[in-house]
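Look at the two complexes coming up: subunit A is in both, with subunit B in one and subunit C in the other.
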Partner chain A sequence: MAAGKVKRSDLPRFLEAAKAAGYDVFAPARAPEGWSFAPYEGGAVDLDGYLLTTLSAKALALPQLEAFLAYDGNDGRLVGADESKRLVFGVRPCDARALALVDKVYLSRGFRDPHYLSRRDNTVLIVSACHQPAPTCFCTSVGGGPADAAGADVMAYKSGDELLLDATSSKGEEFLKAAKLEKASDAALKKTKAACAKVADTMAPLWELEALRPILYKNFDAPAWEELAARCVSCGACTFVCPSCHCFDVADEGKHGRGSRLRFWDACTQSRFTLHASGHNPRARKGQRYRQRVLHKFYYFHENWGENLCVGCGRCVVACPVNVDIREAVTAVAAGK
Partner chain B sequence: MAPGMKNAALVEKPLLPQPATLEKVVVETDAADLKSFYLKFVDGSRWPYLPGQFAELSLYGYGEAPIGMASSPTEGDHLMFTVFNTGGKVTRALHRLAPGATVGLRGPLGNTWPLERLRGRNVAVIGGGFAFTTQRALIKYILANRADFGELTVVYGARSPGALLYKPELAEWEKSPALTLHLTVDKGDATWTGREGFVPTVVEEEKLPPADAIALICGPPIMIKFTLPVMDRLGWRPEQIYTSLEMRMKCGVGMCGRCNVGPRYVCVDGPVFSFAELSKLPPEY
Partner chain C sequence: MAVEDEIRAKARELLASGEAEVVVGFVEGTLPLTARPALVKDAADADRLVWNRCCTPGLARYVLEYIRDRRKRRDFDAAKARKVAVVAKPCDARALVTYIQENQFGPGDVYIIGVNCAPMVDRNKVLAAVGAYRVEGADVDGDEVVVATTDGGEERLPLGDYVDASCAACTRLEPPLADVVLGEKAAPAAEDPYARVREHEARGSDERWAWVVEEVGRCIRCYACRQVCPACYCEECFAEQRNPAWIGPATAEEDLIAFHLVRVFHTAGRCVECGECERACPMDIPLRVLSEKLVKDVKEKFGYVAGVNPEEAPPLATYKPDDSNEGFL
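Our next item is the complex of A and B:
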C-alpha cells in the first residue's frame, strides 16, 4: 500500500491540495461547544489540541436530520444522494471503527441505503492514531485500539515534526497516490507504528468480554439494570454522541400535500421509541431501555456480526448529565448485581 | 426460518414506496374499526410474496405503518390489507380513503409462515380478533394448493359476531370439505347460532391433534397465554407452534433499530417465529 509523509507545518498545504483536487475537506476545529469536524477553511490544524470531537464523525455519514424523499401529492421521489467527494482528516480510530460497524446495518442486511452508501463511498477517512488516550477511553477493552485501522482509508501517525500517512484501503491508496507526497521510508513507518502500538499498553483492560458476554445476557433480569438507570433522565445524549448508535425515526413534514419525508436520529433510551399504537410498550421502563442499549452494544450486535457495537470512545460517559457510566454498568451486571 | 420473497427494486431503494391504486374498500366489522383495502400497483407490476409477509403502507404527509399482507399470491394481482384504525395518524388517514386514492407500498417485508414445514403436514390455524389477517392469507394459499398440505383445521374467535373478519368467506369455509372451521365468539347476539366461548376452550374441546402437524397462532396476548398451556397438555411441542410478532417499526428493513427482540429483528428476522425460537429470546415483545 502507498505511504507518504507530510511535515506538520505543511498540513494546511496538504489539505488545500485536497480541496483543489475536488474534495470537500473536513478537519477538527475548536468551537465554543467543543471540537467538531468542520469544513476546512485554511490555517493550522492543531493536532495536539483535541482527542475527541464532541460529536463523532457519524453525522458525516448519517446526518442528524435528512430529507431523503420529497413528495408532491402522490408523487414521491428520493432526494438525490450526496455525491460530493469528501476528505475527513483527523478522525479517531474509534470513530472510524464505528462507521465500519454501522455499514453492516445500512449496507449488509439485504438492503442498501442509497444516501448512506453514496456518502460512505465518496468519503476518504484519514484516521489519526491516538498518542494520549483520555481516562474515559476504553477502546482496547472492546476490540479496538489507539492505532486500530478498522474503517480507515489512510492511517496518520505523528512522528516528530512529520505526519506519516499509510493507506489502509483501496480508496486510501488511490487518494495517497494522487496526493504525490514525499515517500515515507518503510523503516520510519515501521518504527512509528511500533511506537503507536505501545500506546495500547498504557490502557488497562476493563474486562475480558469474551468470557463476560454470555453472563451479561444471562443476567437479563439483574436488578442492576433498574438501579443503574434509576437516575437516567432519558435525554438521549448518550446515543447522540455515540459514534455507533444508528437508530432513526421517520416523519413527514409538509403543507398542502407537498413536503419531505425526514429521517432523524432517535434514541432507544426514550420511552416512545418502542411504544405501540395500541399503547403497549415492550420497553416501558428506563431499566429495560438502558438494558437494551447496553446489551445491543455488547451482546445483540455481537450475535449478528461477531463484533461489539461499543467502540470505547467514552463519549457517553462524558456527556451523561447524571453520570451513568456504561463501563460500570457492564461490570455491575457481569458481577450479578 | 423461511426467508421471505424479495422485491429487487427495494434492495437499493429500501425507503421508496411504490404507488398503488385503491380499488376497493370493505368494511369488515360492525364497529367499522377494521377495513380491508384492495390495492393494485399503478405501474401494473406485481410483487413476489408469500403468506406471513408484511408491507409498509405509506401516505405522504402522514407517514407509514407496517401491516401484514392479508391476501395470498394465489389470488391474482391485487394486494389486500386489513387495517385496524388505531386512532394513529396513518391508520386514521387510511380509513378515510375512498376507491381511486393512491397508497404507497414498501415490501414485501419479513419472513413467511413456515411453508416448507407445512407442506405434507396437517395445519392448525388458531386466530383471535383482528390478528387473523396473515392467517387468512395462509388459508387461501393452502386452499389454492390443496394437495400439498394435510388436513387444515381453523379455530377463529372474536369478541362478538360483528367483530369477525371476512364473514362471507367464513360462511363458505364452514361448508367446504377442504377444511374444518371452528368459529367462536365470546358472546353471541340474537342472530348468532354458532358457538360461544374463548379460543383456548375450543382448542381444548376439539383436542387439536399434534401428530405430524404445525400450528400457527395469532391473537391478543391473553388468548395466546391461555392457549399455549392447553396445547402443551395436548402434546404440542414449542417447535411445532408458530406466531407472528408485532412491533413498532419505521423502516422495516433492519436499519431504524426499534423492533428487536434480543438479537433478532422482527422486520427482517421475523415477524414469524416458533415458540422454540422465542423461548431463547428475552420476553421483550
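Our next item is the complex of A and C:
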C-alpha cells in the first residue's frame, strides 16, 4: 500500500479523528520528569522538541502494576484483560523494537499472556523515525536504527511540513486505510528515508555485535563486572526506565477477606531480586547482579530467542544516579578487562 | 597546588604507606559534566581521581558499605584492618559524622580527606538550556560552564545560574570532621535554604495533600532515592518487609505515599541535606521539600543540626524535659 501523508499542522486533526474512531490516543507530552506518553488532549505535538520519553512505551503494554485475580470472601474471579483500542503516536523505533522483543516472552511458544496480548492486539503503534539522535543513543550498535520498523505498525517520517505515514503491518495498513489520507509520493518517502539513513551513518557502532556475544559470555568472570558495578547503588532505575526489561514479581495483597493478586515490575539490579527464603542470595554482590542485567540483554536472551534484548535507547545511561554506563561495561568486558 | 592534585597526592600517600586500604573518591564520568564514585585501591591509580564542580554523588554510603562488607568476610581481622579513606564534601563528612554517632564505625576506621565545597553544577539544567542532543562535551571554566556543541560551536553559560539547587541553598561549606581539609573556604549561599519548605508550609492541608499525591504519585518505586540516601542504610527496609507488610509491594498510590512519608520521617534529625534523593530520582520528584521540612522542624524545635558534632546525641536518641511536645496527641 502506498504511504499516506499528513500536514504537520493537521496532526491534531489526525489524532482527534482517531479518537473519534474509538481509539484512546497517546502522544508524547511534556511531563514533570521530562516527556511521557500521555493521553492526547488536543493541541500540537512537539515532534522536534522531544528525543525520548523518560519512561519508555513499555508500560502501555506491560503496566508497572496490574491485578489479574481478585477475590472477595470465597468468590474469586479473573480480572478481565484491557480491551480498549489504543493509538500510540510518536513511539521511537527503539521502543517499538523493544516491544517486539518482549512479545517473544509473553506471546510465543504456546504461551500467550492474555493481558499483554489484549493490549498489544488492540494497540496501533505509530513509530516516529529519528531525524536526530541523542548523545546517549546507540541503537545502531545493537541491530536497530533511526528508521528501524521492528514492532511498528506505521512508520512516520518528517518531510518538510509534512509527516509521511508508511504502514509496516497489516494492522497499520488497516488503520491508514480507515484514516483516508492523501497519498505520499514515493520520491518524498525515499528522500526522508535516506535522511534517516544519514542519521544512522553518524552513529558508528560501538562494537561488532555478532563477535561480541561469545566474548561476553566467555568473560563471565571478568574483573570489570565487579569494578564497574562497585559504584552501583542497587536501585532499579535502569531496569524501570528500560523499554525491554520485562521481569515481574507477583504478590497477593488483601485484608479482611478481600484482595487481589498483583503483577508488578521487578528489577534484577536490586539486592532482593534473587533472595531465597532461606536467606541465601545467589547474586549477593552488585557485580553479579549487574552482569546478569547486561548478559540478559546481550547473551541469554539471544540464546533463548535469537535476538539481542538491548535496543540502545540509552535511558539506563541517563537514569543512573552514579553513571553506570552499559556501553562502557560491554566494551570493557569484551576487551577482556 | 590545585585541590585535585592535593587529593591525588594524599590518596597516593595513604595507599602507598598502607594507612588506608581504599580511597573512595571521584573519577571522570562517561557523560558531559559527570564525575562518578570510584573505589581506588592501588596507589598507581590515584591519578584517576578528579575533583571538579561535577562531584555531586554522595560517597559516605560507599564507606559504610565497604566497612560492613569487610566485617562479613571470614578472614576479616579487626586488628589488621586499615582505614577507609574518602574524599568528603561537607555533606559527605556530615553523613560520616552521623555514622559515627549511630555507632556504625569509629572515627579511627576512616580517613576523611575533607574538601571545602564549591557549589556543584546541575548538569540537567545545562542540558535543558542547550538542548541535550546538541551537547558534545562540557566543562567548567572559572565562573562559566563551557559547552561544546555538536555543530562544532561553543556556548558559555554563567555558572551561578546552573548550580545544583541543593548546593545553592547550602550553608555548610566546610566539612565538620576531617583528617585533612583541602580547598579554600567559600562564602555561604545567600539563598534561603528553606524557600521551598516555606512555600509548602504556606499551603493549606488539602493543598499539601494534593501536592503529595501529585508529586509522589509519579514514583516508580525504583528506590534510587533510598539507595543513594546516606541516612537510609537499614539492612532491611520497612518498605520491603513482608511479614508484617507495612505497605504494599508496588506502585498503588497509597503505598507510594506511605513509602515516601515514612522514609522521610526515618531521616528526621539524620538528614544531612546532600540533596542526593532528589538528584537521583528519575521521575524528578521534588523529594527535598519533604526532607528539608523535617530538617527545618528539627532545627527549630530541637535546636539540632545533623552531622555536625560526633559527640552530640541526635534528638531522636535522647530526651530533654523541655523538648518540644508539639504534635503529641
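One rule holds in what follows: the second predicted complex is superposed on the first by the 332 of 337 C-alpha atoms of A that agree within 3 Å, B and C clash if a C-alpha of one lies under 4 Å from a C-alpha of the other, contacts with A are read in each partner's own complex, and residues count from 1 in each chain.
Methods note: a residue touches a chain if its C-beta (ideal position, glycine included) is under 8 Å from a C-beta of that chain, and two chains touch if they have at least 3 such contacts.
Computed from a predicted structure; not experimentally measured.
Student: Report clash or fit for the pair subunit B and subunit C bound to subunit A in the combined superposed model.
Tutor: fit
Student: Using the touch definition from the top, say if A:Gly236 reaches subunit B (first), subunit C (second), both or neither.
Tutor: It touches subunit C, and subunit B stays clear.
Student: Per the contact definition in the header, classify A:Asp113: touching subunit B only (first), subunit C only (second), both, or neither.
Tutor: Touch partner of A:Asp113: subunit B, not subunit C.
Student: Would you check which partner chain A:Leu87 touches, where first means subunit B only, second means subunit C only, and both and neither mean what they say?
Tutor: A:Leu87 sits against neither subunit B nor subunit C.
Student: Would you sort A:Ala98 into first (subunit B), second (subunit C), both or neither based on which partner it touches?
Tutor: Touch status of A:Ala98: no partner.
Student: Report, please, how wide the angle is at the C-alpha centre of subunit A between subunit B and subunit C, in steps of 10 degrees.
Tutor: So the angle at the centre of subunit A is 90 degrees.
Student: After lining up the shared chain so the two structures overlap, which partner does A:Met203 touch, if you call subunit B first and subunit C second: first, second, both or neither?
Tutor: A:Met203 contacts neither subunit B nor subunit C.
Student: Once chain A of both complexes is superposed, is A:Glu33 in touch with subunit B (first), subunit C (second), both, or neither?
Tutor: A:Glu33 contacts subunit C only, not subunit B.
Student: Give one of first, second, both or neither to describe whether A:Asp249 is in contact with subunit B, with subunit C, with both, or with none.
Tutor: Touch partners of A:Asp249: subunit B and subunit C.
Student: Quick one: is A:Ala319 in contact with subunit B, with subunit C, with both, or with neither? Answer first, second, both or neither.
Tutor: After superposition on chain A, A:Ala319 lies in contact with subunit C alone.
Student: Between subunit B and subunit C, report the minimum C-alpha distance in the superposition, expressed in whole angstrom.
Tutor: 7
Student: Going by the contact definition given at the top, which residues of subunit A touch subunit B in one complex and subunit C in the other?
Tutor: 249, 251
Student: For a test of understanding, state which residues of subunit A touch subunit C in their complex under the given definition.
Tutor: 32-34, 51, 54-55, 64-65, 132-136, 230-231, 233-237, 239-241, 249, 251, 253, 262, 264-265, 267, 270, 272, 317-319, 321-323, 325, 327-328
Student: Where on subunit B is subunit A touching in the complex?
Tutor: Those in contact with subunit A are residues 6, 10-17, 19, 58, 60-65, 86-88, 91, 102, 104, 246-248, 250-251, 253-263, 268, 282, 284-285.
Student: Residue numbers of subunit C touching subunit A in their complex, please.
Tutor: 29-32, 34, 36-39, 57, 61-62, 132-133, 135-136, 150, 215, 218, 220-224, 226-228, 240, 248-252, 276, 279-280, 282-285
Student: Spell out the residues on subunit A that touch subunit B in their complex, using ranges where they run on.
Tutor: Per the touch definition, subunit A meets subunit B at residues 68-69, 71, 73-78, 105-106, 109-114, 217, 220, 246-252, 254, 257, 259, 261, 263, 266, 268, 273-278, 282-283, 288, 292, 295-296, 299-301, 303-304.
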